[in-house]
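Before any comments, here is the structure.
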Amino acid sequence: METSQRQLTPELFEPVGEDFKDYERIAGPSIGFWRDSWQRFKKNKASLIGLVVIIALIVTAYVAPLLVPYSPYAQDMTRGYLGTSAEHLMGTDKFGRDMFVRVWEGMRVSLYIALLAAFFDLVIGVPFGAVSGLLGGKVDGVMQRIIEVLNGIPNLVIAILVMLVLNPGIVTISVAIGIAGWTSMARIIRGRVMQLRDQEFTLAARSLGAGRRRILTKHLLPNSLGLIIITLMLTIPSAIFYEAVLSFIGLGIQVPKASLGSLINDGYQELRFHSYLLWFPAAVFSLLMLSFNLLADGLRDALDPRMRK
Amino acid sequence: MAALNGNANVEPNDDVLLEVKDLRISFSTYAGEVQAIRDASFNLRRGETLAIVGESGSGKSVTARSIMRLNPEANTIVRGGEILFDGRDILQLSEKQMQSVRGRRIAMVFQDPMTSLDPTMRIGPQIMESLKKHLGMSGNRAKERAIELLKLVGIPSPEDRMRQYPHQFSGGMRQRVVIAIALSCDPEILIADEPTTALDVTIQAQILELFRELQERIGTSIILITHDLGVVASTAHRVAVMYGGKIIETGTLRDIFYNPQMPYTWGLLASIPLPTADRSLELIPIPGSPPSALDPPKGCPFTARCPYAMRICAEEMPEFTRFSDEHRAACWLHHQMAPNVEPPARIGGTR
Amino acid sequence: MTEQNGSANGAQNGQPLLEIKDLKKHFQIGRANLKAVDGISLTIDKGETFGLVGESGCGKSTAGRVLVRLYKPSAGEVLFGGENVHSAQGDRGRILNRKMQMIFQDPQASLNPRMVVGDIIAEGIDIHGLASGKQERLDRVNELLETVGLSPEHASRYPHEFSGGQRQRIGVARALAVDPDFIVADEPVSALDVSIQAQVINLMKKLQRDRDLTYLFISHDLSVVKYISDRVGVMYLGTMVEMAPSDELYSNPLHPYTQALLSAVPIPDPDVELERERMVLQGDVPSPVNPPSGCRFRTRCPRAVEESAKVDPPWREVSPGHWVQACPCFA
């Protein structure tokens, strides 16, 4: 116990003022969920790096081609297979096209496809899963069987079917990927909704007379947002990868358009003598995938309610 | 009441098993430093049950875990103090040395019997694990001892139950198994952190009865962490009251219940309904909530909720005043310059 | 069980506010039939507080949820003001939602972490359209906040910023927002610190006086129940084993389970504890999936006789207002 060094005067023994005792005072500013999550997110160095790299890559993808006077489609057979140089930072391909521009074009296309696929996830997967989880019983049973059937069909078969029906192109590929992929989001959301459904705050809303719609929009979905974001963040690299696979087997982007996948495929075929045609798109591809995964990991830690307090 | 001032840490008894001196422990979190224990001093004597009473945020559970060095090493900061056991400071021991203390000489029983046992292991091996590691018992001897222990804690047909899994036991039974494991190596000290909070009232009565019996038969010293004053009244010999990370009053059972000297203790006693009391007797709650450990108040932690708070209370922590060999409390009301205050009428039991 | 009429206080206007008649709620879990509530009957008068006690698995929480229409009963009926609560549809159903409200146990889980406190409290107002505009809604929320001892500035904060006691009070405010007549309080203070429990209990008592509320107070804490209730019912394995006015039950418990329960509660008074005669029950609570035949308590009852297994003990009024499952072991 520290000994008191001060002189103790009688006034100190008078009752403390009423304003001192604010029993219900809450210190500090109101911390919303997002601000709190951002604070947590910031602490994770790896995910911050991931985020920064993604932003850098996206910015580069739009800005870099403007700095170079080449078009991704302009062919010049006299300048085929040139290695890296000051003029062609990533060399040229078989047709003399500048790889630097093509790689960034490829990245834009890949991202675009992935975002469309993520959109599918959102627009089909979330409502499907939410309704399935909320209603339960027979409806849930039927909806889950649908998912199981869809999952039973190999994604490749679905992709081929879609390609046959629609004309090959960016949108078609996105549709193919999206249709094959929304099921995992649906399952995840269903699980979450079922968990939230039995929580006391949901019961409280029901006992107040809230209808299903209100419960879904005000209680279940807002508490699933974190999970939705995390899943979307993981869908994007998954879609990019899948598109690369499709391209690899020839079902992807058609020439002369480029995606990272098709570039990797083309580069793979030239691996023996012109390996640079593979390394550059592969490096950008890997960097993109890694960054998204780091970001998703960090988001999971930041947004996951279980980590709170 | 005559007040004696003096160094609160001098205990004339040499029966002291464990001595906690001026303990200060914090945790570093993303929100800042959480000062979980800001000043705790108490000791435990051989063969007694010491109850540490406090509400959530008082730091009592952290205290228990600190004695066992079970706090997460990465963010635990020992800001000061010692925990003396058998002539050594537990806070200074290496992890290896701690492993020979944990389970062997100091054992712990936790609150939730559902999660204290490994669900994938049978009960028998879980009890025998400790026996084999600490006492080096052979398989057969360990098995015999395990059966003895199950009998000791009142589990019927122990030979059969040894081969069962935790989920086949009810909550009360599981807690008994946990106690059996804790006692397996004959520890000198048993720390029980809210051991009955998760149990039904009738089961709680069984477990408390078990604690009493065990102490009589084996003489283990017990540190009982709880918020339930009824549990304290039925099992403890001495009591330490904790608030806002500090121990603010200690004394014998009768001291605390019949002659408490600290407004927080008064407040606690006045706010509990007694099943034997008159219904018209008003419950006097303590307004407000416990202080934040992130931003602890200067001075006495109870100031903001204390009906007798004075200016000095907000500025400085009072020293301990000694009322007897056992009984001491830290409150400015005991200072000679403070006004005379009588505790509320309800205090003093049903006498 | 035979139906029981009347109450200790004498029904004021001739009709009790709430009547529960042989209520049963069973859950189908796989192949097992869990008889959570297996036939309870009681009435509650306006302005009264009825305490429902029991240990885990006795069915008290389930009973509470059936009352506020969160579950449908498997058998029996619940009458509110003479009207069957579960057969009401549409508008009548909505009105019942307003008149019968619930306060939940877990201050952590009972408030939506993504909504600000003001919206949480106003949810009932929003659903039933009880405010004519933003200003009125705001006024009502502020009024409710002050009623429970908080202040208007708290309305824009999130639940996690509050302490357990404050959160429970927000839960109370939410229930009050729709102006209910009857509130089921399901273990409202069990998760709170001891000194804070008194805050919420006193608040509930005050509200009852000011607004003429009727409570069903569910708890496992006998001391708290005694303090706040006018009459108390003790449940075991889905049935009610004893029911009596508060003081009477605690001073003259007739059923062995009630006696064991009271004996098991540790009293914060060392001298009393020292002198007490304890009745410690052996064994564990049987599963509600397969309750013992006859008197359900017989497997743990120190007075059980052979007859106890054969006959369903009758529900009898042994003295005015004091009802008991008259087990053969009484003789």
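Labels A, B and C are assigned to the chains in the order they are written; within every chain, residues are numbered from 1.
One rule holds for everything that comes next: a contact is a pair of C-beta atoms (placed from the backbone, for glycine too) under 8 Å apart; a residue touches a chain by one contact, two chains touch by 3 or more.
A quick note: this is a predicted structure, and the numbers were derived from the prediction, not measured.
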Outermost chain relative to subunit B, judged by CA means, is A
Per the definition at the top, count C-beta pairs in contact and tell me whether A-B or A-C has more. A-C
Take the average of all CA coordinates in subunit B, do the same for subunit C, and state the distance between these two points in whole angstrom. 32
So how far apart, in whole Å, are subunit A and subunit C when each is placed at the average of its C-alpha atoms? 47
Among all residues of subunit B, which ones touch two or more of the remaining chains? 287, 289
Could you check subunit A for residues that touch two or more other chains and list them? 24
Expected list for subunit C, residues touching two or more other chains, is 166
Footprint of subunit C on subunit A - complex, ascending: 24, 26, 30-33, 199-201, 203-210, 214, 218-219, 222-223, 225, 305, 308-309
Given the complex, residues on subunit B that touch subunit C span 55-56, 170, 172-173, 200-206, 208-209, 227-234, 253-254, 257-258, 267-269, 271-277, 279, 282-287, 289-290, 349-351
Touching residues on subunit B, where the partner in the complex is subunit A: 8, 30, 39, 287-289, 292, 295, 303-305, 308-317, 319-320, 330, 332, 335, 337-339
Name, in rising order, each residue of subunit C that touches subunit A in their complex. 65, 68-70, 93-94, 97-98, 101-102, 104-106, 109-115, 123-124, 127-128, 149-151, 154, 156-158, 160-162, 166, 171, 174, 178
Enumerate the contact residues on subunit C facing subunit B in the complex. 55-56, 163-166, 193-199, 201-202, 220, 222-224, 226-227, 246-247, 250, 260-273, 278, 280-281, 284-285
